[in-house]
Amino acid sequence: MEKVSIVMGSKSDLPVMREASKILDYFGIKNDVSIMSAHRTPKRAAEFSESAIDNGTKVIIAGAGGAAHLAGVMASLTTLPVIGVPIKSSNSIDGWDSLLSTVQMPSGIPVATVAINGAKNAGILAAQMIGISNQEISNAVKKFKTDLAQKVEKDNASL
Amino acid sequence: MEKVSIVMGSKSDLPVMREASKILDYFGIKNDVSIMSAHRTPKRAAEFSESAIDNGTKVIIAGAGGAAHLAGVMASLTTLPVIGVPIKSSNSIDGWDSLLSTVQMPSGIPVATVAINGAKNAGILAAQMIGISNQEISNAVKKFKTDLAQKVEKDNASL
Amino acid sequence: MEKVSIVMGSKSDLPVMREASKILDYFGIKNDVSIMSAHRTPKRAAEFSESAIDNGTKVIIAGAGGAAHLAGVMASLTTLPVIGVPIKSSNSIDGWDSLLSTVQMPSGIPVATVAINGAKNAGILAAQMIGISNQEISNAVKKFKTDLAQKVEKDNASL
Amino acid sequence: MEKVSIVMGSKSDLPVMREASKILDYFGIKNDVSIMSAHRTPKRAAEFSESAIDNGTKVIIAGAGGAAHLAGVMASLTTLPVIGVPIKSSNSIDGWDSLLSTVQMPSGIPVATVAINGAKNAGILAAQMIGISNQEISNAVKKFKTDLAQKVEKDNASL
Amino acid sequence: MEKVSIVMGSKSDLPVMREASKILDYFGIKNDVSIMSAHRTPKRAAEFSESAIDNGTKVIIAGAGGAAHLAGVMASLTTLPVIGVPIKSSNSIDGWDSLLSTVQMPSGIPVATVAINGAKNAGILAAQMIGISNQEISNAVKKFKTDLAQKVEKDNASL
Amino acid sequence: MEKVSIVMGSKSDLPVMREASKILDYFGIKNDVSIMSAHRTPKRAAEFSESAIDNGTKVIIAGAGGAAHLAGVMASLTTLPVIGVPIKSSNSIDGWDSLLSTVQMPSGIPVATVAINGAKNAGILAAQMIGISNQEISNAVKKFKTDLAQKVEKDNASL
Amino acid sequence: MEKVSIVMGSKSDLPVMREASKILDYFGIKNDVSIMSAHRTPKRAAEFSESAIDNGTKVIIAGAGGAAHLAGVMASLTTLPVIGVPIKSSNSIDGWDSLLSTVQMPSGIPVATVAINGAKNAGILAAQMIGISNQEISNAVKKFKTDLAQKVEKDNASL
Amino acid sequence: MEKVSIVMGSKSDLPVMREASKILDYFGIKNDVSIMSAHRTPKRAAEFSESAIDNGTKVIIAGAGGAAHLAGVMASLTTLPVIGVPIKSSNSIDGWDSLLSTVQMPSGIPVATVAINGAKNAGILAAQMIGISNQEISNAVKKFKTDLAQKVEKDNASL
């Protein structure tokens, strides 16, 4: 079965990144969560990315703040799609640094960047990627979007 | 066979967006290219996104400049993964508006955003997504990355 | 009688957008308030805009945060003037993303953008538009501006 | 018949602001063009705004660069809707200053701001405002938008 | 005797602008404080500036937030030096809009801009301007700067 | 007679800063122009500022780019008013760094900042400061502003 | 033995800058802490920098906010490496001004800039510089980095 | 003898980064220049950093554009001081992304960042670091700064 790996640069990123895990659980997609740092544990980060395919990972979600290099490190060492979550942490300038460090990747090594602190959307995007070849997941995303629309309709009706 | 659909908001985006098509061709991935505007042809854009799955599309790549809504429109009407390319066009503020309009999507509807003018990376990212369940494409991406590394090594050797 | 339609992307935008309704009430202009999302309920948003003229709407006010596309969606599907309110919500970068996504519209499809969180001004602007051909509303705006000036004079006198 | 007044802060703004006049001509809307400066000819600017209604003006379009106050001056002295065009001139920081000086108006005195250098859209917006009570103009805008869509379709067909 | 006039756009600017008055009092420079708005009471603002010289004012200090035009209005109608204080108020984007609207004045009409919320520095700058031809004030500024240095030395000694 | 001292950080600033000298010549105000660097010739810069009063200088105008400290150095060592011109040079980020380094001075040590590359306005501002106690200069500024207005009127008439 | 000198522009910078001292203590590197201001005590700052080598200082760490010139002043008067810490203080725009004033130094006079509020990193960087020729300190930095990695591993294990 | 290693992410960075080599040659400091990419040749970058000490390198200078991770990769795998040069390349947003990706490093892993495109300053800073324990190099830097000052004096004299 497909698995998504969620990594983050620091324990302080957990409240944000946990949302990725939650929504993947909701979709019934297996996922593991790890803390590793592009700068403090560079080798572990490299090994993680290099062995991800062999470990059954299909998509990597990486969140980091400030000069956020973790998603880029992941992307540099695997052919799996890597989703980057720029985090607005205490050591970032309102998220601008995290966003630009994550999205402005050089030609050849893309990172699929979502909104600042958008870990939930990262999980949904991972599900959509897996849904390319997995009808069940694709259907689950469809249902999720229908529910989302209904919630908006309900909010509207409550006015 | 998997197909990627490349859409852009204006003919003037073609020089940038063509790179997505080229790299997909290189990977041997079928792709079609269309011009449609979130604001000038909103219905056509909606229909395109809604019928994309039935038309055999597996990933949508959407490029636009300024208040770049095209990728968001695509994402709102399909469960396929949508890759957004923020374009630095004459009607954008150095790409800042295109980037923020593309990446800062609300919870529930992600757009996988690449670098400003990063259409080539959008194509590579699409290949990586397809590669999740297609070993041949995954291998092609692997070879591409090896070639990329060799080019850097060669540049270094030429110093 | 003229009616203004106020739409917003999320229930959380209500505290900001309510100000548009209040000032329109003050001017004696009929208005309705709805929640609909460019991304979560795209079809409802499209239908709303397309049927606005037939429903007696003269001006649409649309507020949204982050990659704020709602005003653009409205503008793409009607010939009515659309006023955009960029909202500084929890999912925006200090309002920069909302502002740029709202104001930087492509040639052909304008959105009349007011200040960040400027819903009250959106209501006043709608009244001014209606006042073009409605002397009573025009007079009401004039009185409003006189009152505004008097309040400043009173604040000055209180020093 | 309705008239739109187009004002700009400097002769150097003419290449940009002329587009507003052109599109209004296209819609068959009478318009006059004047140069006046909020800072260099403040009295003339004030008189212009104050007498605009008596002169038959229905909408004012004001374009300026840098610390762009012209639209604000207009808005402060009339009850007519005022459309602001932030201009990216040689004395502006890439248009950021013009945009913020135009759009961030205080509560009570809105300026309907369009995109940087968006004079054509200012003209279209003025037409839409007039179209609220003028079916002919409203129809002309409708036709304009249909033509716009067809141009996109044609660009697409030419691929 | 020389007088400095302090004006601000709104009563909510008083906590910031009061600092200008306090430091002028400290220097023994007569000053008056008024609330007037470039946009809400444009005529009063114009009259104030035009009659400032006749009223004995030597320097005008103007503070405002958002699309901060008050200092520019003052500067447009007098030959007195005008000091602008960009205010980071609730209706500003972290002060960026106030700063750019105040400092980026067009050729011919300068505003002497100080730091965001820098009303105290505005008062000191006014004193320095008056000190050009008033030895007593110049001496008072000199003493102020010596005291300032001593405070830093004392802070250092306390480590 | 009053003298204004114009200093700049590098010879490459001369094309911009020369405008300050030109307009002061026009007003008949004596002025001297020097190159000195806050970072490359810090002692000379310090001596210049410290001896400025004794050398008959009444106002200092300082222009620099990048981390523009020259105006701040001047202001730290004299009680004369110091006008800062942020320069958009090859080693600046579009003038943002020059602007912020010049205007955001700490409490106690103001720099009267004008627009980016606004050397002409710096000269006018210096004239206005001198005009506080010099009726002739004040009259010259008045005439200058009248001429400026007439030029705008003439541009308008030429439409 | 090598000594590092830590200077800051204001007592209010102490909570941030203290971290530099703490980490240097941890590495067993002698350090002294002083308050001096580029703008309020310019002569003391100049003397400090000029006499730093004679006082046994090997690296200077300078922290300041707003138009942060202190590191630049230090760098202009010594050949020692100077590390700049941009401080996000109450008189700064989210640290943008401090960062640009510190890092954008002109050709010839570098400042080694660390992250906003990155005083701890400034201390580590100073240790790394000293470690170039001091094996003991180099080893201490190595151990510090190993501990850092272990802390991340431990955080990961605790998930 | 001390050696400085200069690395850059792409051959297109050579025109900028060459300046670091030139000034080190001028100081008589041995240096080697290599192209390696944090994202395209991550392993080579890692090996380079890990073996730098054994290869006799005392300082690493790393230049890169866009999401500039090269300096951070270097810093993560060595205890040598690493100087980062943010490069304003075609794939960067005016250097903002390069600057923030380089300077905003997390606690524990500093990068000594110089100005955008400031490769010459990176070379000077490296010389200053080596000069901590090498009197000859320290003297060479002193002479360089004296020459620099004389050039400014000469430029001034030529006015």
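In this document, chain identifiers A, B, C, D, E, F, G and H correspond to the written order of the chains, with residue numbering beginning at 1 in each.
Keep this in mind: a residue touches a chain if its C-beta (ideal position, glycine included) is under 8 Å from a C-beta of that chain, and two chains touch if they have at least 3 such contacts.
Note that the structure is a prediction, hence the values are computed from the model and not measured.
Colleague: Could you tell me which chains are in contact with subunit A and with subunit E alike?
Modeller: Per touch definition, common to subunit A and subunit E: C, G.
Colleague: Strictly by the touch rule at the top, which chains does subunit F share as contacts with subunit H?
Modeller: Touching subunit F and subunit H alike, sorted by label: G.
Colleague: More C-beta pairs touching across which pair, D-E or D-F?
Modeller: Between the two chain pairs, D-E has more contacting C-beta pairs.
Colleague: Using CA atom averages as chain centres, what separation in Å is found between subunit B and subunit D?
Modeller: 35
Colleague: Which whole number of Å gives the spacing of the CA centres of subunit A and subunit H?
Modeller: Whole-Å distance between the two chain centres: 33.
Colleague: As a quick test, compute the distance in whole Å between the mean CA positions of subunit A and subunit B.
Modeller: Measuring from centre to centre gives 18 Å for this pair.
Colleague: Give the residues of subunit E touching no fewer than two other chains, as numbers and ranges.
Modeller: Residues 10, 37, 40, 66-67, 91, 93-94, 96, 99, 103-109, 111, 115-116, 118, 145, 148 of subunit E each touch two or more of the other chains.
Colleague: Among the chains present, which pairs are found to touch?
Modeller: According to the stated criterion, the contacting chain pairs are A-B, A-C, A-G, A-H, B-C, B-D, B-H, C-D, C-E, D-E, D-F, E-F, E-G, F-G, F-H, G-H.
Colleague: Once bound in the complex, which stretches of subunit F touch subunit D?
Modeller: 94-96, 99, 115-118, 145, 148-149, 151-153, 155-156, 158-159
Colleague: Which residues of subunit F touch subunit H once you look at their complex with the stated criterion?
Modeller: The touching residues are 10-11, 14, 33-37, 40-41, 44, 66-67, 91, 93-94.
Colleague: Across the complex, what residues on subunit H touch subunit A?
Modeller: Where subunit H meets subunit A, its residues are 9-10, 37-40, 42-43, 46, 65-67, 69, 72-73, 75-77, 91-93, 96-97, 100-109, 111.
Colleague: Please give the residue numbers of subunit B that touch subunit A in the complex, ascending.
Modeller: Residues 2, 58-59, 79-81, 83, 99, 103-116, 118, 120-122, 124-125, 128-134, 138, 141-142, 144-145, 148 of subunit B touch subunit A in their complex.
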